[in-house]
Amino acid sequence: MSYVHFPVIAVMTLFMGAFLTVVLGKHSRAVRSFLAIAASGIAFVLIAMLVKPVLIDGEIISYWMGNWNPVNGYAIGIGYEVDQLGMFFALLVVSTILLSAVYSLRYIERDSSQEFYYVLFLMLSGSVLGLVLTGDVFNMFIMIEIMTFTAVGLTAFRNTGFGSVEAAFKYLVIGSIGSSFTLFGIAILYGQCHTLNMAQLSAMLSGNHSPATLMAFALMFTGLAVKSYIVPFHTPAADAYTTAPSSISMVFSGMVNKAGVYGIIRLVYIIFRTMDIPAVQTLMVIFGAVTMFIGVTMALAQHDFKRLLAFHSISQIGYVITAVGLCTSLGLTGGLFHAMNHTLFKGLLFLCAGAVLRATGTTNLDQLGGLSKKMPATTVCFLIGAFSISGLPPFNGFASKWLVYQAAYDKAVTTGNFLYVFVTIVALIVSVMTLASFIKVTQAAFFGQLPERLKDVEEVPFLMQLPMWIMSALCVLSGVFYNFVDKYLLVPAVSAALGVSRYIDSMMGSGYAAEKCVTDIQASGVHFSYWNPMVWLALFVIVLCAACLCILTSKGSRGEILEGDGEDGKYATFFSGEKALPSHVGGSDLFWGFKTDWKGYFNIMEGLHSGVVNDYALYVVAAAAIVVVFTFMFMR
Amino acid sequence: MMFPFIREALSNLFSKPSTEAFPAAPVQAKPRYRGRISYDPEKCINCGMCKKVCSPGAITTEIEEVEGGQKITYHFDLTSCTFCGTCEDFCDEKAIKLTDDYLMVAEDKKDLIVSGSKIKPVVKGKLACNTDSCIFCGLCAKNCPEGAITVDRATKSWTVDHEKCIQCGKCISKCPKKVLAFEEPAPQGVIFGGEGCVYCGICAKKCPEEAITVDRATKSWSIDRDKCIQCGKCVSSCPKKVLSMGPIE
Amino acid sequence: MDITGALYILFKILIFPGLLFAVVIGLFLAGLDRKLLARMQKRVGPPLRQPLFDFLKLLGKETIVPHAANKTVYLAAPVVGFTALIVLALFIPVFGYSTFSGNGDLIVILYLLTIPAVALIVGGSSSGSPYAGIGISREMVTMMSYELPLVVVLLTVARKVGGSALCFSLGDIVSWQAENGCLAFHPAMIPALLAMLLVIPAEVGTQPFDVAEAETEICEGPLIEYSGAPLAVFKLNTAVKMFIMTALFANLFFGGIETGYVALDAVIMVAICALVTFFSMTLIHAVTARLKIEHLFKFYWTVVAGLAALSLILVWVGL
Amino acid sequence: MLKNAIAKSMSRSPWIYHVNTGSCNGCDIELVAVLTPRYDAERFGFKLSGTPRHADIVVISGPVTTQSKDRLVRTLAQVPEPKVVVTLGSCPQSGNVFKGSYSVEAPVEKFVHVDVAIAGCTPKPEAVIAGLYKAAEILQKKREAMTK
């Protein structure tokens, strides 16, 4: 079988898995588990087999469903088109699916109606995979719809808990508004161009924007922005990520909002090719900067583990949008790399949150503490994830954030636009605040003192640890072996995003792009004065060894380390001489000085995040209106 | 100016530090500093006033009977002392002095105990008052550390509790009229009554030392005081009860 | 790579300008700071070698791991911080002389600088003490405070040196200054210089900005449970950080004065480091009292960040 | 060599932790006076530390009230070896004028071994310096004994 069929088979496998789970998996847990793992495993293998032809050999797979080839230069069938950009996201998606499925096996074993979980899970997976592989705008919309509704179902999966139905409702309302915008935009496009194929749309829209297509652009941009939860569309995300099971939160932040990001990249770089217009860059960069800033400050104020992570998801997507919006190859590289890293570390962090939830029954940071002694594996994974997201070298977050800063400041100095300086500063400060909020989680949940209530907590089973360890390893590896990631994933994806003509040609036949006068976006040069993590890692290790040698082997200094029981006064915590009391500095107690100084800001933010879905719908509509107005003012 | 001390800090940088070079150059304590206690046992009269006025009870005494009198030892525990100086004030003999030695540092607590002892010879005689010249001012009673003297001006009485008296002699030195003294009691001996003696000579016979000589013929009775051991056998054996024990001359 | 080359690299890492140089100069600066501070307070002050004595003494003490602590993290934290600082020392050139040619990216330096602070925070956090909890909270807020002005200063320098090209390389910044004169003598850079001078004490954690380790209020904060060798390493970290920050300052603003002789350059740099230590740490320490944490945050985000931003705007308009 | 250097540093860099067990503050003030410019104990490396874990010399002042006894014992247990205990003033050694009170547990020797006693009520700062100096020497000896 030729590999051109693989993308479609992968998507179909997942949908078939969902169907079979309904039919066969009602009564047997083993069958359900098998189906879920088999479907996601097959999808993973199929996509992995495409790495060689697509990413390494640089081929673009085009596939017409039912062999409905274009007639008279017009695409009439549904086309699947796997270029390097789609492949990049597809890899993220299938990895996330597989790891999440493995994690789910033990994670949801205590829940009822598991067959629905797997059905929805597989449908969600299939839809996101379909979304990133499809070459048809309307097919994309269908996938978005499936994605939205399965996501709503999964959000409400643990509907016995507080707020999950409410969260699902918010998700439903906001998601539907977003979908409607997308659909409206697609309808306008179809009316204008009489085609739904992305490649053909790209060719036709290249350089000739009418008011109608601008309207379509604005609406579709808004619709996809809702799906990627950038501010001010982020409101349902926080609730949904918090109340959904952690394996699903991981899927949400790992691939569902990546699907939105993918959609935006596809939209601005390929379909409308508006990326070289400064106004679009400005729009996206402002959106991105605002998103990352509001996301992180809101995260700082949270004291629920998963809600905090949810706001961080929003914040990190801000980085991606900013970097992508810079429209330089450096920026796009940074943006895609950060998207990938975000999938890895945020997935990891959500899995850690899930482990904590399973072990202790709560994610409230004020009630946790001292888990590092009980759950060492989770702690190590969490620390790796936290350091990665905070961008400490040599973890992967650093490499991608570094690219983002480079790109932003490069843009600033080359264009002389002060906005980008501002964005660079915001990005750098947000990174510190990210670190701050993860220090908060570290202190509140994993270190400090173990409350009496959590004395009997146990580490999660191995099957749940496995995905966490894999993701931790990936976090470290992709940070250290940055060059390989760059060479095999990012460079092909970036050149695919910028090289539109190849995309069009491979779908619509060679020469079509030239016929429509499509030219590739001229991106500014890349500064690859990378720091070389390998050298620095080696250095780090050498110096670490030297330091350890100096300090710990100096036998003149009685190098022994004394440990003992807490009952022995010598090993008890110092409480100014008082008998050790269980007193833990929890999540809400931290960063007092900061919170005092920012009281006004936090009050405003608290008012804005009212929890009322009417308000949230208003934000979406208002933002859509702003985007439309902006588009018409500056893009003519 | 927001930082008023910048000028001072910078000028200090170029001036001499005001630190005392203490361990290198010993420092004299200021006048009237009350430091380590010095105790001169020779001056001490063992009145115990110091012990009495010491609020933390830092002063202890030991009295040991030795040949030639009592060995009296005073301990001043500096780790207990508040260095108030009251003992110095109350010591009339100026035996206690708080010096200006402030370096009272020791690894061993014993090094912080000032001790001194002397042998106080036994005082013969008991305190007595010549009430004829006494004006009953009561100074003796006031200064008595043990409260052994009672003076009542109204009835003009002066009494001393010999059990309590430690024979420190403070009252004697305080007495304005110098009427107090330690009076040695008169020597005791057998006293011959004379009247009624029948010179039977039983006493002479009974005397174990043969100190009594009785001559019936000359009606004389004599005693050799050097030989008499004051055993009293003669007194008890006298049929006429003319012999008695009492002070002689 | 042949043996000589490898040995040369090893020499660079372990002796100059790596481990040994950074540690010795760091301890020297810490000693100088204490000595000068004492002199400004009209005291004699400890000998210059005092930080070395402190370090050696702490090595000889017992290392106690409290019961509530997570042993691995607790013991690893100081060493990780130290390692990051040594790597930083390799990144910062001695004017023209750098360990690895052309490297020393400002953003990498900025991020490596956070590692010692994070090591302190995580180590303190893992000790399980509530005082440490408060301490790490303050340390983190301090970090957020000084990061903004520091970022702006670095971007200002990058713009000034790079013009319309991206220039984050410290090596390029130094060589630019060798041609165009020290940045310290460019009027537009004066506010940035002042801001940087004020950032250094917070980064190192000396007096008015040492809220995180306020020993009189929260018992040394994150360090509360540390004893023995790990504490020694943390104290060493502070000393080395002094060197790193002042050397960074010297390279950023006085990069031009180089003679070409490495030994002479090193002496000049140490002299500049000592001067910067005096003005940014010792003098401020001598004349101020400790701030409250919210005042610290406000101070950095208004006054210091304002100075830095002023410089950025001046540079941006072409001064 | 390192062993000797460490032992030597012990007496050059003793950090003090001060425990007040119900003192009248007289001794505490004198201890602080030791760090002032006039006496400047820092020239010998003395430094007040905020936590017993950093301390080498523990200075105890006050007559050890019943309330503070347990706290004192616990705090002392948390000081890493080698450590030296110094009593400041008369109170911890004897109870001084508070001796015999129902709420005073002095002498402190009932609970801990005291290495150096500084007498005085309060001791002169010079005496405190001399005492701490002696304590530092003991510290070095203890360290040497530990590594033998």
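Note that the chains take the letters A, B, C and D in the order they are written out, and that residue 1 is the start of every chain.
Note that in this section contacts are C-beta pairs under 8 Å (C-beta built on N, C-alpha and C of every residue); 3 or more make two chains touch, one makes a residue touch a chain.
Quick caveat: nothing in here was measured; it's all calculated off a predicted structure.
Student: Select the chain whose centre, defined as the mean of its C-alpha atoms, is least distant from the mean of all protein C-alpha atoms.
Tutor: Closest to the centre of all protein C-alpha atoms: chain C.
Student: Could you work out which chain's C-alpha centre is the most distant one from the centre of chain B?
Tutor: Between chain B and every other chain, the largest centroid distance is to A.
Student: List the centre-to-centre spacing of chain A and chain C in whole Å, with centres computed as mean CA coordinates.
Tutor: Between these chains, centre-to-centre, one finds 35 Å.
Student: Between chain B and chain D, what's the gap in Å when you average each chain's C-alpha atoms?
Tutor: Chain B and chain D have C-alpha centres separated by 42 Å.
Student: In angstrom, rounded to a whole number, how far apart do the mean CA points of chain A and chain D lie?
Tutor: Chain centroid spacing, chain A to chain D, equals 58 Å.
Student: Chain D: which residues touch two or more other chains?
Tutor: 2, 5-6, 37, 40, 43, 51, 53, 78
Student: Where does chain A touch two or more other chains at once, residue-wise?
Tutor: Only 554, 556-558, 568, 570, 572, 574, 576 qualify.
Student: Spell out, as numbers or ranges, the residues of chain C touching 2 or more other chains.
Tutor: Counting only residues that touch two or more other chains, chain C contributes 38, 41-45, 59-60, 62-64, 131, 219, 224-225.
Student: Pairwise, which chains touch?
Tutor: All chain pairs meeting the touch criterion are A-C, A-D, B-C, B-D, C-D.
Student: Which part of chain C faces chain B closely enough to touch in the complex?
Tutor: Its residues touching chain B are 36, 38-45, 283, 286-288.
Student: Looking at the complex, which residues from chain D come into contact with chain B?
Tutor: 37-40, 43, 87, 90, 93-97, 99, 109, 114-121, 123-124, 126-127, 129-131, 133-134, 138
Student: What residues on chain B touch chain D, complex-wise?
Tutor: 17-20, 22-23, 27, 29, 33, 35, 55-58, 77-83, 102-107, 109, 112
Student: Give the list of chain C residues in touch with chain A in this complex.
Tutor: Checking each residue of chain C against chain A gives 10, 13-14, 18-19, 59-60, 62-68, 70-73, 75, 79-80, 82-84, 86-87, 90, 100, 102-103, 105, 107-108, 110-112, 114-115, 118, 121-122, 125-131, 133-134, 136-138, 140-141, 143-144, 147-148, 151-152, 155, 158-159, 162-166, 168-169, 211, 219, 224-225, 229, 232-233, 292-294, 296-298, 301, 312, 316.
Student: Write out the stretch or stretches of chain C touching chain D in their complex.
Tutor: Those residues of chain C that touch chain D are 34, 38, 41-47, 50, 52-57, 59-64, 131, 214-216, 218-220, 223-228, 231.
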